[in-house]
Amino acid sequence: MSSAPEKKPNAPAPQAPTPAPKPAAQPAAQSAAKQSAVPAAPPKPTIPPEYQELQKKVAEVLKGLNPTFEPSRGYLDVVVAKEHLVEAARRLKEMGFDHVISVGAIDYIAKKQFKVMYHLTSYLNEDLSKYVVALSTYIERDSPHVPSLTGIWLSAEFHEREEYEMFGIIFDGHPDLRPLLLTPAVAALRPLRKDFVVKEESDDIETDYEAYLATKWW
Amino acid sequence: MHVPAKPSPKEVPRATFLGRAVAGNLGALAVGVKYFFDPNRITLLYPHEYIKLRQGYRGYIVLIFDKCISCASCARICPARAMKMVSINVFDKKLKKYMKKKYPVINYNRCIFCGFCVDVCPTEALYHVPYHDLVYNSMADMVLTLEDFQKEPEFVTAKEGVPVTYIYDEKKGLVKVHYEEEGGEVQKAEGGQASAATEAQGEQAQGGGG
Amino acid sequence: MEAAPRLPGMEVRPVERHVYEVQIGPAHPGSGHMRIFVEVDGDIMVRVDPDIGFVHRTMEKLAEGRDWIKNIPLFERMAILDACNITLPYVEAVEKILDIDPPPRAKYLRTLLCEINRIASHLYGMGIFGVFLGHSTLYMWAFGDREVFVQLAEDLTGARLTHSYPVFGGVRRDIPDDFPQNARKAARYMRNRLNEYAKIFLNNPNIRKRLEGVGVLDKNRATELGIVGPNVRASGIKYDVRLVEPYEAYDELDFEIPIFEEGDSLARAWVRVEEIRQSLNIIEQAVDWLERHPREGFMHDRFWKNAPQLYKDIYNGKIDYAGKYRVKLMPLFASLKVPAGKASARVEAGRGEMFYYVESDGKNVPYRVRVVSPSFRNVIAFKYVMPGHRLMDLPAIYGSFDYFPPEWDR
Amino acid sequence: MVTAAQVAYDVGWGILHYIIFYPPLYQLIIIPGLIAALVVVIFIIWFERKAAARVQMRYGPWEISPRTGGATQLIADLIRYTFQEIIVPRTVDFMSYIIAPNAAVIFSILPLVAVPMTSVSQYWPIPMDFSLLIAVALSTLSPIFVVMMSWASNNKFAVVGGVRESFIIVAYELIAVISLLAVVPLVSTFNLVDIVQVQMGGRWLGLLNPIALLDAFIAVIMSTSAFPFEIPDSESELVAGPYTEYSGLMYGLNMGAGYIRRWTLSVLITLVFLGGWAPYRPGPGVVAGYLVPSLIVVAKAVVVMAIMSFLRSVYGRYRLDQALSLAWEVLIPMAIAAFGISIAETYFGVIP
């Protein structure tokens, strides 16, 4: 593996597939960690190492609300119960997470659940800027009600409207819950739910020659 | 080497009233007048000129029939479902008999020229031609047959137009140059680099174009 | 006089007295495919309601039916003039789930294209901004000079706009031989041009009058609304994903993040100009690095270790019809299965922070992809910043946020 | 004995003198009126597009006649406008909708009958004693019809555009009137012929009183809603302002009316500030006494208009309130100051 070539700028080596590693010249532990051999097996999902410290802090802040931390990469997934969502949001905002990057929902149709996630980060608190925290909760798929957090983070307003039209999740207490991108007729189909199927051309790669020449897919 | 990015506070340049009313107006007018007398035109006069694109441009795709091993990777990776595999009877030279084999065909109504098929082909049986401005009479014509897919499509613009190419210039950004001249230079220079001579020619061509 | 005839499709909506509703868009010369309901009281806007979604393509849904790699050209369609930045977080998120880290050369190549795209995107935004204020020269200049960078991107990737350049584990091409000198020429040209831009547009008293003190967003308000990108940096917030969570090669490059305190439309325009300067620095550094280092490590070993000799020959230009420095994709990409897991990634795209949430359940298609584009997060600003300004300020504010309807509609 | 040749000569002479060069008709229809205005407008629009194209890294009109640089493009546009269907929406007020553009064009040309094209009194369309006043007064009529158009259109954008137009009318008229009349103390006459005669020696009033010239110049730009004051029909928020509901030839008339008004006022500026037909001294006869001086005036006015057109490629557009505050707070005091300068110069005897 070509590693840390910046330490040997004059190396001509047009084809040296495996340059001898120079252990003394390894720049930093951090980049060494990046160059770990590629694991053949799929990686074990865990909480990413750079988030371990934050996890403790968040657990401290959300004490009493029974937060659980789901394995994830690139962000910290904090799951609280629906009843505690508003309280958890308030505490996280006090902690410094001052705006919402994304409000996303996932349809777990097998478990008959929606997961609603508020991805948060901070502008004003520069220590927290480098983290993304997802405050998430599971709700029933049959009665999709979740308290709106627009009152706490105004930046969630349009995101919640979008998830409302895409999934039919009703954000209780949202000031202006109308479809945002879609017309009401299309929004009634709840397009992002898993039971809505997009009709597209078949994915078959093989086709009959005559049928192919007569295709009208354009 | 770890050089973190650093925030650097900056300020919008302030101007006094007089500076704004006089210097601002005069500066804007001066730039306008400068370009009025010395225009820097980059427009391509399209049907009369066309850009001779360099090799590597992701243009129309051509199949080299003999190299295809019917692996269907191209059809599988096609993000627009433009490429399909069709079965035809071909004479197999090794086995000395006719047999059914699968070959890719392409529907240019759908193709988005991402080039994934060309890049994924394990035997390089597909390649791009470096042009993209073609005309078809109907949408049905854009569903290519296997025979058409093996031919390089006819480049109609090249019949009437003058080939030009754009070279980079520090003063003018992109400069339009007639292709033959630059091509000749490149062949002589053998470096693949636009020499000073070509730049001079480029300016000449620029002046003549007005 | 009789009442106005009721035309087919006409919708009658009561509005308050003294209020006059004007619809800006959707078929509108400057704005593109979006509509803003504006209620004006006299000349002052009192309520602004952006009505978006005219080019909505349900990309999040389409992505759930497409193979992992096929989503790259799909997401690119959000903002084709910023294609690399827009697809990069998706690629990064999938790489996180796959647990691979691209080699340094690939990182530098991605960074290079990202910055080329950022300049192109900023120039596009400035051009539209210019035509909004009736300044057609800036529009033409920005689009003409953007051509320089589009040409650079074409030399690098083979396509003008829809590059589909970053793929999982690496990139699809290496730089051509004459690319470094061309990039340096382009950088020097653009630096000079920016001074002329300042003269004819930003310091033009006419334009300054239009922009100064218009659409002011202070630090706290910008935070509350969650505005992103150059727009928050114009409000004095030190937030840039390249700064707070460096990705690709950004932690090895020497550049600045311009921050302005004013928060008005003029500051937002200046941020973009200063960012173009910094991007030119980055391009020069990246090109230097790429020139200094041997051409190896453009694709992660997992996808390149077993590459046959033919692939290496094609890379080195030994096959005449195939071009040079092309990185072949392994057939594995066509049927890639990503292990179960979820990841998010964000990058600083031209218009701001681009965020992807990717969830996989081990199949060959994603289970859920959540895309949040910067323009989508900026659109809320119209609702809360515009009221209180005059109707003629609408284009000035609208343009200064560097709107791009296809991006926010997704 | 009357021969056919004599009759033909006499009839021709009569047509030449009493029809073609009959001053009111000549000035209204030929030079500098309708025909000259049309030619000039076609040239100026072409120039505007070409000049903007030169600044903006492109070619401008080209394809239609590459040898002349696309000069015939505007004729092609004119033909297209002429044969385009005129769509009259159901909701408009029909009579005023039809009358307004026509009236705007007619009243735009009208001031040209009040200006002299020569010092030979035989070729004056009207008595010239108060011609400056009359011309200025007539020039203020046509913008009213823009407001009329907007109101007749019964369209939101048109109404907003019309309201803006009416704001601007009030602002710029004062500037135009004061700054054009600012030369009166200097020459102590309202007679445009005398005003031109004073400038014969090269002492153009524009040089003696540059502030008045600048003010009048800006007022003309404002009055014809050219850049940077293209406010009533600012396309980025109002589709085409007062002209939104017009199509085909009617839209062409609207566009033409603005340009013709600019042309008229440019002629006026030329006469008042730029010496009119100076330094040429009109001789006897139709050609030397009428045609040549009028062509000189046309040439000078075209230059004035070309400079106005060039501003499009440098400036954007002001906001309405900024344009108004510029007019009321800067330009009107400047116009009054120009008046004062004239008085001072008269006191010190600059003009003998």
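Things worth noting here:
Letters A, B, C and D name the chains as they come in the text, with residue numbers starting at 1 for each one.
The rule we apply is simple: a residue touches a chain if its C-beta (ideal position, glycine included) is under 8 Å from a C-beta of that chain, and two chains touch if they have at least 3 such contacts.
Note that the coordinates shown come from a computational prediction; the quantities given were computed from them, not determined experimentally.
Among the other chains, A has the CA centre that is most remote from the centre of chain D.
Counting C-beta pairs in contact across B-D and across B-C shows that the higher total falls to B-C. Centre-to-centre separation between chain C and chain D, using Cα means, comes to 46 Å. The mean-CA centres of chain B and chain C are about 22 angstrom from one another, to the nearest whole unit.
Chain centres here are Cα averages; for chain A and chain B they lie 36 Å apart.
For chain A, the set of residues that touch two or more other chains comprises 6, 200.
Along chain C, residues 137, 144, 200, 204, 206, 238, 252 each make contact with two or more other chains. For chain D, the set of residues that touch two or more other chains comprises 55-58, 313-315. If you check each pair of chains against the touch rule, the ones that pass are A-B, A-C, B-C, B-D, C-D. Within the complex, the chain C residues that touch chain A are 52-53, 56, 58, 60-62, 64-65, 92-93, 96-101, 103-105, 219-220, 222-226, 232, 237-239, 244-245, 252, 289, 292-297, 300-302, 312, 339-346, 353, 355, 357, 359, 367-368, 370, 372, 376-377, 379-380, 384, 409.
Residues 6, 27-28, 200-201, 203, 205-209, 212-213, 215, 217-218 of chain A touch chain B in their complex. Contact residues on chain C toward chain D in their complex (touch as defined above): 4-5, 7, 20-24, 28-31, 43, 130-141, 144, 200-201, 204, 206-207, 209-210, 390-396.
Taken in their complex, chain B has these residues touching chain D: 28-29, 31-32, 35-36, 39-43, 45, 210.
Within the complex formed with chain B, the residues of chain D that make contact are 51, 53-59, 62-63, 310, 313-315.
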